[in-house]
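Right after this note come the structures.
You will see subunit A twice below: alongside subunit B first, and alongside subunit C after that.
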Partner chain A sequence: MAKVAHSRLATARHGAGTTSYSVPAILAVGQLRTAGAQLLAVVFLILVWWFVSTLPSAIHIPSPAEAARSAVQLEPDVFLKDALLSTWRVTFGFIIAAVIAIPLGVTIGYSPLVRDLIFFPIELFRPIPPIAWIPLAILFFPGAEWMIVFLTFYGAFFPIVYNTVVGVSGIRSNYIRAAKSLGASEWTIFWDVVLPAALPTIFTGLYIAISVAWLMVVAGEMIANQGGIGAMTWQAYQTTQYPRIFVGMAAIGVLGYLSSLAVRLIARIIVRWE
Partner chain B sequence: MTPFLAVRQIIVRAKSRQSYPALRVLSIVLLIATWALLVQFQVYRFGFIPSPSSVVRAAAAYLPKKDFLFDVVASVYRVLAAWGISAVIGIPLGLLIGWKRWFSDLTFPIIELLRPIPPIAWIPAGILFFPQIELSVIFICFIGSFFPIVLNTIAGVRQIDQTYFRAAKCLGANDQQIFRDVVVRGAAPSILIGLAVGMGINWMALVAAEMIAGEHGLGYMIWESYSLARYPRIVVGMIVIGTLGASMSAMIRLIGRKLVPWQKSLIHA
Partner chain C sequence: MSATVGSALSIQHVGKIYMSREGWTEALDDCSLDIRAGEFSVLVGPSGCGKTTLLNIVAGFDNLTKGQVSLDRQVIAATGTALQPGPDRLVVFQHGGLFPWMTVIDNVCYGPTIQGKMSASEARDVALNMLTGVGLSDIENMFPGDLSGGMRRRVEIIRALINRPKVLLMDEPFRALDALTKSVMHEFLLRLYDQEPYTIFFITHDLIEAIYLGDAVSVMTTRPGRIKCVVDIELARPGSHRELTTPKFLKYKAQITDAVHAEAVKAFVAGERELAR
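Up next, the complex of A and B:
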């Protein structure tokens, strides 16, 4: 009996069941719990890291304190420049990808002809990991800058196209019939029915795309070695400034997280109905 | 024809997934022809890119070689090892996180903290930590597939209708039975999606790790071909990697359909 009661409480906490507990109180407790758990997680991770760094086999792994010291020693302008450069490359490639991929995905979703003619070859390219394009991209583009932007573009392109196609072709034809019987024009149907229905899925694609773009920028920068956080991390390895590797990793993680957050915030503003 | 009928017909045709196989063949022919012409006439910088015919010649030279077999075996072994380890650790972890709130509170924030760091960024740390290149490559691939598997497993458990848990309890099921018959079965379709996505990211991480750190393997072969200016072989490598990756994902989907017959429309991802 106690077990059942406990499970009911758990259900309420998950927010899945109806309950008579006061909602704000539960939310406050939940937030406190989440904050506490997150703090605990950070402490735990630092402890594990510290423990790993004391292992005899991990002689090159710096301790958390060494990494923190190295982070403090970084020249702020150099670091900021690298961070901004990487962010710029990601943003640029991501925006080009969105501008091309969303209209393309909509067209593919609408027309079986375009689907066979364009989507089919795109699908053939998909299993080739974007990183495998690096050598060809180096050959093709005159400078490292365009090569890296191409890589972020290429990584972001596929998730956006795919999710747009799924979003557009997944719409219920009842909605279109209803709009039409109310006298909507083709353009209105697209603008007021198809697009709003597809937007949540499109944003899922954008959300995936931004993290792939970050992955690609790190790979491209490590190989090109022309500025950016990825290059900073790789140079730290090559010049045996090992603590700095971890500073670089943390910076990449934070920047990646912030840009995902930005996409999610934009989604929440534009897609209010979800 | 009124515009309405036009729109409707487009939608209906798109819905019916009517396809034209001839168009698909045409699209491939057009793609290769465009590639050949761009290289032939050296449009912009396409003169630097290997032509289709040189790629075919490079494939004929490379594919029958023993090197090719070694590279394939090395890469496939690394991918499978990393994917297997991710599944063995990730699935139970995800099931527990999704099922038990206290376990989620303890472990999920740690996963959330580490997740934004892409597998590629782990390459220098991986090389430093592991004594052998082999292990560091597997580790980097593991990082790639671990997160999609865990997160999809968690989502799978949390999507299960709460009524199932209550029903099982009413019928007197204990925790072990609930775990086996409700949690695992309910999450299975989502777990399979995680396994398929993980396999894709695994190949991506593998290519990066082999290019930057590796010995042997297809990613290493691509990078070596670039360094030695054997450019057509790069394209051969890309095609081989794409084919292997696609067939492994197809295999997961096939096995998934056999294992989870109760979920018909499984895995389009």
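Up next, the complex of A and C:
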């Protein structure tokens, strides 16, 4: 494919005497086009926002320009502190969730006995939306900090468990049979076959979990009002600094996107074969 | 002729009954087959007749309910014994069994290193040698997902052969390949076999493939599977694809087609009856 494109371009080059292209250059053009389309989408989104802000509403909705002005007026170190605090809470809850949920999911997926013992209670908890845990979490945890971390942990926990179970129990029997024939013991099979075979699915779980963790951190912070982007957004509402709500929301969006990106990058490094 | 690496495989009166949602199914009944050391033995039969069940029993993936299987007169499967798959009976799977998360070289070296037969560097040398020997150089650091279907099959065969198995079990290994790749794979396999006559137990339902590859072609009956007849193939080897049109080849083809067709019809009628119930 690349070869054909190459030679055709080469003819074009000799024929018309234009600038020379190479395969990397074509790729770069492709990337540029993608970036351009993405930029266009963002511009379109801002235009929609602006349009909505001109509509009559109960309370005036701030326009993009007003939000931008309010963003500039923010004290950078206060904002940064809030952003870091939220990121820290998400990371902390997410990591605890991963550390508990992955081994749990692997054992549930691998052992029918453990599945029968543990999976059913987990199934019972799953339909309860994580936000419904807020009152109980406030009662249980002495400080807001632990309450918020618990909520992010809880939100991240289920997607990771479920995907790990699916990844481990869905493993093709050929792989286990091949490993057994080749002389691997039960324990080696677990490390060399079961775990790597499940990794792509586990990462799907992590990818979903990180967004749920952001969802939960914002909810927790809005209730607790102890710093973080969620609290900042809620305070903006309470103190009628409406443009700032948009700043908070945009910040949550960007941070959420960046952390998903981080998970995807780690996945690409670890799951090299996909 | 080089020394034989394979062993004689003897399948004696094997029966297999398993329970499924529909009830008891008799997959194999009094199934006997003897494969000489170094023989390329091909098994054909209508689909669902129990070919793969038999191969799984020989491989040690599945137990049997009657009879026994022995390799070099040593019993490897009998009623009441634990399943014991091992590197002396390696399988090339129908849907591929290479580990997608390991590079080609790690896949090939996995057996000898995990068994402690070779050190990592030793295994690497042997593996590279074997891969190069079959025209697969410079792919050792690629993942199976980056290879073509034919290449994956070849690597999987090498991954098995590096362990010098007593019998190589091949479960319709070329089924998913296009006709051209398939014929290249046949030549590849026969060349390997010509260098060192492994004992090969090969399952297929492609009769031309069976006659082209096999020293003997066994025909299995419809379920419960039994060996209906064994046809010794006396064609020069390594054969060329030209031979597929010689009268001798066509005679074998007619003979085996008749045997398989009769079973396929029985299987079809039985299926109709089952549906009607």
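Rule of thumb we're sticking to: the second predicted complex is superposed on the first by the 242 of 274 C-alpha atoms of A that agree within 3 Å, B and C clash if a C-alpha of one lies under 4 Å from a C-alpha of the other, contacts with A are read in each partner's own complex, and residues count from 1 in each chain.
As a convention for this text, a contact is a pair of C-beta atoms (placed from the backbone, for glycine too) under 8 Å apart; a residue touches a chain by one contact, two chains touch by 3 or more.
Here the structure is a predicted model, which means the values were calculated and not measured.
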Joint occupancy of subunit A by subunit B and subunit C, clash or fit: fit
Partner chain(s) touched by A:109 [first = subunit B, second = subunit C, both, neither]: first
Touched partner set for A:117, first subunit B, second subunit C, both or neither: first
Subunit A residues touched - subunit C or subunit B, whichever exceeds: B
Partner chain in contact with A:99 - subunit B first, subunit C second, else both or neither: neither
Subunit B versus subunit C as contact partner of A:182, first or second or both or neither: second
Touching partner for A:43 - first (subunit B), second (subunit C), both, neither: neither
First (subunit B), second (subunit C), both or neither touched by A:78: neither
Which superposed partner A:28 touches (first subunit B, second subunit C, both, neither): neither
Which superposed partner A:141 touches (first subunit B, second subunit C, both, neither): first
Minimum C-alpha spacing, chains overlaid - subunit B and subunit C, in Å: 6
Shared contact residues on subunit A - subunit B and subunit C: 177, 180
Of all residues in subunit C, those that touch subunit A in their complex: 59-61, 85-87, 89-91, 93, 95-102, 110-111, 114-115, 143-145, 159, 163
Subunit A to subunit C touching residues, read off their complex: 172, 174-175, 177-184, 188, 192-193, 196-197, 199, 271-274
Of subunit A, residues touching subunit B in the complex: 3-4, 7, 10-11, 13-14, 16-17, 33-34, 37-38, 40-42, 44-45, 52, 57-58, 60-61, 109-113, 115-118, 120-121, 124-136, 138-142, 166, 169, 171, 173, 176-177, 180, 185-186, 189, 211, 214-215, 218-219, 222-223, 230, 233-234, 236-237, 242, 245-246, 248-250, 252-254, 256-257, 260
Residues of subunit B touching subunit A in the complex: 3-4, 6-8, 10-15, 17-20, 23-24, 26-28, 31, 45-46, 48-49, 101, 105-110, 112-114, 116-125, 127-129, 131, 158, 162, 165-166, 169, 200, 203-204, 207-208, 211-212, 219, 222-223, 225-226, 231, 234-235, 237-239, 241-243, 245-246, 249, 268
